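Okay, so subunit A shows up in both of these, paired with subunit B first and subunit C after.
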Partner chain A sequence: MTDMELATLVPDPLEEVAPPRRQHGAAAWAVWLARRLGLALLTLWLVSVLVFLATAALGDPVRAILGRDYNSNPGRVAQLEAQLNADDSLVSRYFSWLGGLLSGDPGTSLANQRPVWEQISSSVVNSAVLVLLAAAVMIPLAFVVAMISVHYRRRRPDTVIQTILLAMAGLPEFVIGVLLIALFATTVFHVLPAVTISSPNGHPWDNPKAMVLPTLTLVLWVAPYVSRIVRASLLEVIDSDYVELARLKGIPEKVVMRKHALLNAIVPGIQVIALQLAFLAGGVVIVETLFAYPGIGRLLVDSVRNHDVPMVQALSMIIASVYVVVNLVADLLSILLTPRARTAISS
Partner chain B sequence: MSTETAPPPPAVAPAEPSTFRKALRQKRFTVGLTITLLVVGFVIFAPYFAPYGESEVVGPPYSKDGFLGTDYLGHDVLTRVMYGGKEILIIAVFGTILGMALGTAIGVIAAYAGGWWDEVIMRFNDVVLAFPQILLALLVLTAIEQPSAWILILLVGVSHAPRVARLARGVALGIVSRDFVIAAEALGEKRSRVILAEVLPNMNAPLLAEGGLRLTFSIGLVGSLGFLGFSTDLGAANWGQMIQENRLGLSTQPWAVLAPVLMIAIFCIGTNLMADGIAQVAQRGEN
Partner chain C sequence: MNQPRNGMPGFSRRQLLKYSGIGVAAVAGSGFLAACGGDDGGGGSGGGPQKSGGTLIHGATGGGSKDTIDPHAPVTNPDIARVSNLFEPLLFWNSNYELEPALAESVESSPDGKTWTVTMRQGVTFHNGKTVTAEDAWFSLQRVADPKAPLSGGGQLSQILDFESTKVVDETTLQLVLKVPYAILDGLLAEYTVGIIPTDFDVANPVGTGAFAYKSFDPGQTSTFTRYADYWGDAAFVDELQIQDFADDSAKVNALQAGQIQTVDNLPYNLIDTIKGAGGGALVSETGAWIPFTMRVDVAPFSDVKVRQAMRLIVDRQQMIDQTLSGYGSLGNDLYAPFDPAYASDLPQREQDIDQAKSLLQQAGQEGLQVELFTGDDIGSVAPAAANLLVEQAKAAGVDVKVTKKTPFYDDNYLSYPFAQDFWNTRNYIPQAVVGTFPPDQGGTYNETHWDNEEHRNLVNQAAQELDEAKRADLLHQAQEIEYNEGGLIIWGFRKQVDGYGANVQGLEPSKYLPLGSYKFNKVSV
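Presenting the complex of A and B:
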């Protein structure tokens, strides 16, 4: 990843800072926080409009559900249309859906007539565990690889690492997943299970071995990308004046790396990791389907195949919210960790 | 590639060929370009050399007959692989072109208009960014019985657009305040002409790099959709869909899954190397 891309990809936290005001300290913070929260809520609301329009206005779900039966089964058509309130205007349908969503009742599934929330809740937990597990492995791994690479910068090991990372960074998640399955589960070795089998009441992590391949797929999918960005920002820091000064003062290279370089490379790292967490939330769609992991991704794919509009709407809202929330948290953390930005707000 | 990002009249200094020539000196660019051209050539010409018909049953399912064996319905796997790249190639290329055109337009207009317009356009852009690309595609596919090629191209393009727009805006912001743009405005040039003749030609290199990266993601996205069972023709050979169809036979006849997976992997590595080569040229141009 080049510095140029880094600069455009990673939003500068200072960009979001409210223009300097005359208030001091806490008041300025409160204003900044309120503005940032307000923007997040506005984004979430627009996300809900988009989710609703894409699922309810672009096509005819009833026709899609019934397929060839559409013309021969007017009773079923009427029943489904009644359930979707197809006679109401788009606007009133949107607001009744939004009202339900806000009061914690996102509707009833068209496929099996059970409440949406009852089916989703356990999947949300399962997916969250998978994503957090992947992140917990991926983040340290990406940083360690980047640091090794920077240690040997512009020498052979660095070139080799970067070439491997570059080749891996372009691979889609299903390619990585299938290759891992072939390698560890079916064709070469038979050491890990290829699918997650869990009882309806149990959790997928009851069998830890089954978690390895889905987690590893997500890690290998995202880590190369993060590692390249961290390396780029580490290189930039390492060439800066204050790191040079620290070296000239005679501080050992290891300490320079740890105390001066790494800490300053973490802030851009946070923004990248936030983007990647949102990326992972999208990645679970394919990975969970591939490994039959009982999470929201697989549920979403099944619901899309069944044209189950209420389920798809609720699941999309959850996945899109991850991006909004994670971005908000990342902005907050970056501000808190950057003294320059802290003073910009409170002065 | 050059026609979508660089429509300048010949009077303007042609920046694109020099970017290309500089990129050719990059080892990773030439390697990537070679791989990509080989895969594209394979996709276009392989069907003429296929040993069997696309949907011809040649033996029992998951047998070892032929070079790569047979698939779940007894089709020859080699034949299916030779036929199966068409949909991915067409939809990925056109989806990328559409996404680049849309995204560049949005980003440049936001940067050039500035102020309130910039704020509103980028806010909406952020909303679409909240959807992972695969989710945006699935969302629309919910209410559609069988997607056509046009819908898939549109979905791929629209899901790229906000990401391209973000980059295009960033690059354009650095250009709109430069002297030659201000000079063109002072001369009374029309806004559309300033954008087309002054701003866009100077965004060539970063946009080309982004285009290569987007093409890589398009291939993954179309492959993923095929893997999930969303393709224009369920009977036709399609690399993404082959993975789905033959998954259960992975332990008995791995080639039915591995062959299309490896084709997609090679294609992605090729386009990604190419994109990174251009990105390095673009970055050097900056400094």
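Presenting the complex of A and C:
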């Protein structure tokens, strides 16, 4: 859809501002993008400092790893201390870690002496698949439910839907998961697997049935929230003057909903979906634990338990990067979809 | 005001709010849903002959990226399950915690206890078809007991083996020479950490002699094994064994209920009925595992033996078992190693005696005694619960116990807390006495109580060199009497091991040595 079409469909208060010259607009976009990317990198750098300091401030990692055996195993103490460069200063340790991270080598796991990346990579893929699968189900579902609600607004179906959504939004993810397991796997029906039993060297989705409950848990956890936000913004749009005008012009209600209302309601939707996706990247920890799903969440819990500092650092950085990237993409999309903001940048 | 709640001793609000707590509680609560879901039936593990074939999936508690498949350095529960099925030591601890021949037909000592002759069982083959020889046995012992870097199973062996003089006599005979006489060497050779491997062993493709052969291993997730048809003992019923890690208790139990896995180790006590309701069962075994209170005998107030005796009389042992172990425990008498043939079971069972405790405290001039007790979650969940219960029990004797929960407990101060707790697994008396009651430079790397009693030590050392069982038992009895009267440990009970199995699982028998019948999965059919 071109600018012109959008402008005719969606009357814009800033419409009278002359469209910028092409060259100038592109340069403005480049500047805007560069600034946002710079900010994102700055955020990640700050996160790296925080992650490093936080893991360094946890006390002597060697003692934490060896626990009770610290006193009786001086050989292993020396070995771990050498691996952690415990004698170097904090600053030089930070820069050697950051250097490794930037060159794609986040170090070696303390727990089993294997490269961190080798252990993380398959978990990252597994978690990404789970989150994306959940998003692919959740986004259309949330929008459809919101549109149904708006269609019946302030009538009984809307009230019922909103009550159910509100109740579900109040449930923590593990309660949803435990209830789903009891319902479909262990107690009432025995139709779905309760946990993911990994086949050796395979993927969790090799057995598609095992993906159902974790995905459903994430969907039911996040969808109510997204759906309620989308409904609220749809209602706001529907009551606006330009939708009123479109109706008065005699455009069929379906078209009004789809083209005029939904498109404008999508922007707050994108923001909330992005927030939820970023949230899922961290929140998947509990769902993965509950379903024994081999993803980054489970690995993070395990690494924290083992005091495996390089693993914790690498995983924290991955989760932080997901936050930053998802938010960046969401901002970009919102601006592209909001004519007012778009013209504000390019002028 | 809240209504007073009963039945949840030592369960703080914070613990209740912790995720795991809610998860488990919710799983237990799903028993409520079972009532709505109708009866699912299920065969249980009743009679009938055992079926061959199928896959047994074992849900192992814990594990993670720390997992290893090294035969001589198992750390986590899944590691122990793996090594127990892949590899075998020269001798076995059987399910009654007695020695039994395994890859060795016999292990016999010379009269002075310094030379031990190992005769290998004939016709045993490794998974790659190679015959097991004395050469392999010696290679394995050298690997586990490497004096420069002993692996977890070889600490003690590395100190007593004379590597120069030991020799392989022929294909089936190994002559082990020790630096000092050691009467219980055979016990060391029976640990699951001393499995026999071929001289060309490669940890990337581990070959052993067990009833299952290696197929795959993915740390923190799963490992698979196939039935070894040429096994020298009873070949397995199932065709394939899979050991799956579970970081979370409720996931493990859900999987068992859903029929995705057939066995689990360490079933939480509160879920026993849930599993039974789903047609499975709980396997309860006696163990010699204990969670003592440790009193340092070299600092006040516990340097006064009367205070130690009073503290031992303050503890209501049965209540400790009932409340912290849900009743799954057996009484302790301030002595460890209950399965040792020399265990002093004739010493009278110590019971709570508040009057006597008060009078001892009075004699010691310690009425109204105040002590700080250190505990922590990393000792195990039983420890903080027992510490809180002790506070209540001590009040009756006018002793004010203040609990300090440390995170982590095993830090710089471990082994210097005046009053604390610890955990120990099943062992016999001599090895336990050495690590737990000797000074650090004589092998007592975990001497929590700083016990330093020369008379006791001499008795233990003498017993370690005494080949005559009756004489050894007598020496150990004297040693135990000293600890019983003056020691710094309060041993209130021994934990029972509870494991779970699903419907149609047959062949599991309790074992005092390791969970799930010592993980002998060759005896299990599904």
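Everything that follows uses one rule, which is that the second predicted complex is superposed on the first by the 321 of 347 C-alpha atoms of A that agree within 3 Å, B and C clash if a C-alpha of one lies under 4 Å from a C-alpha of the other, contacts with A are read in each partner's own complex, and residues count from 1 in each chain.
Here is the rule we go by: a contact is a pair of C-beta atoms (placed from the backbone, for glycine too) under 8 Å apart; a residue touches a chain by one contact, two chains touch by 3 or more.
In this text, all values refer to a predicted model and were calculated from it rather than measured experimentally.
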Count the residues of subunit A touched by subunit B and by subunit C, then name the partner with the higher count.
B
Is A:75 touching the first partner subunit B, the second partner subunit C, both, or neither of them?
second
Using the touch definition from the top, say if A:119 reaches subunit B (first), subunit C (second), both or neither.
second
State whether A:61 touches subunit B only (first), subunit C only (second), both chains, or neither.
first
According to the stated criteria, A:97 is in contact with first (subunit B), second (subunit C), both, or neither; which is it?
neither
Between subunit B (first) and subunit C (second), which, if any, makes contact with A:299: first, second, both or neither?
second
Look at A:279 in the shared chain and tell me whether it touches subunit B only, subunit C only, both, or neither; answer first, second, both or neither.
first
Going by the contact rule set out at the top, does A:316 touch subunit B (first), subunit C (second), both, or neither?
first
Looking at the overlay, does A:51 come into contact with subunit B only (first), subunit C only (second), both, or neither?
first
Counting only touches as set out at the top, which of subunit B and subunit C does A:174 meet: first, second, both, neither?
both
Per the definitions at the top, what is the overlap between the subunit A residues touching subunit B and those touching subunit C?
59, 63-64, 67, 174-175, 178-179, 181-182, 186-187, 194, 286, 289-290, 301, 303, 305, 308
Within the complex, subunit A is touched by subunit C residues 19, 22-23, 26-27, 30-31, 33-34, 36-37, 40, 57, 64-68, 149, 215-224, 242, 244-248, 250-252, 254-255, 257-261, 278, 378, 408, 410-412, 414-415, 440, 445-446
Looking at the complex, which residues from subunit A come into contact with subunit B?
2-5, 7-9, 39, 42-43, 46-47, 50-51, 54-56, 58-61, 63-64, 67, 166-167, 169-175, 178-179, 181-182, 186-187, 194, 278-279, 281-283, 285-286, 289-290, 300-301, 303-305, 307-309, 312, 316, 319-321, 323-324
Listed in rising order, subunit A residues that touch subunit C in their complex are 59, 63-64, 67-68, 70-72, 75, 109, 111-112, 114, 119, 174-175, 178-179, 181-183, 185-190, 192-195, 197-201, 286, 289-292, 294, 298-299, 301-303, 305-306, 308, 311
Any idea which subunit B residues touch subunit A in the complex?
28, 123-124, 126-136, 138-145, 166-167, 170-171, 206, 209, 216, 219-221, 223-224, 227-229, 240, 243, 250-251, 254, 257-258, 261, 264-265, 268-269, 271-273, 276, 279-280, 282-283, 286
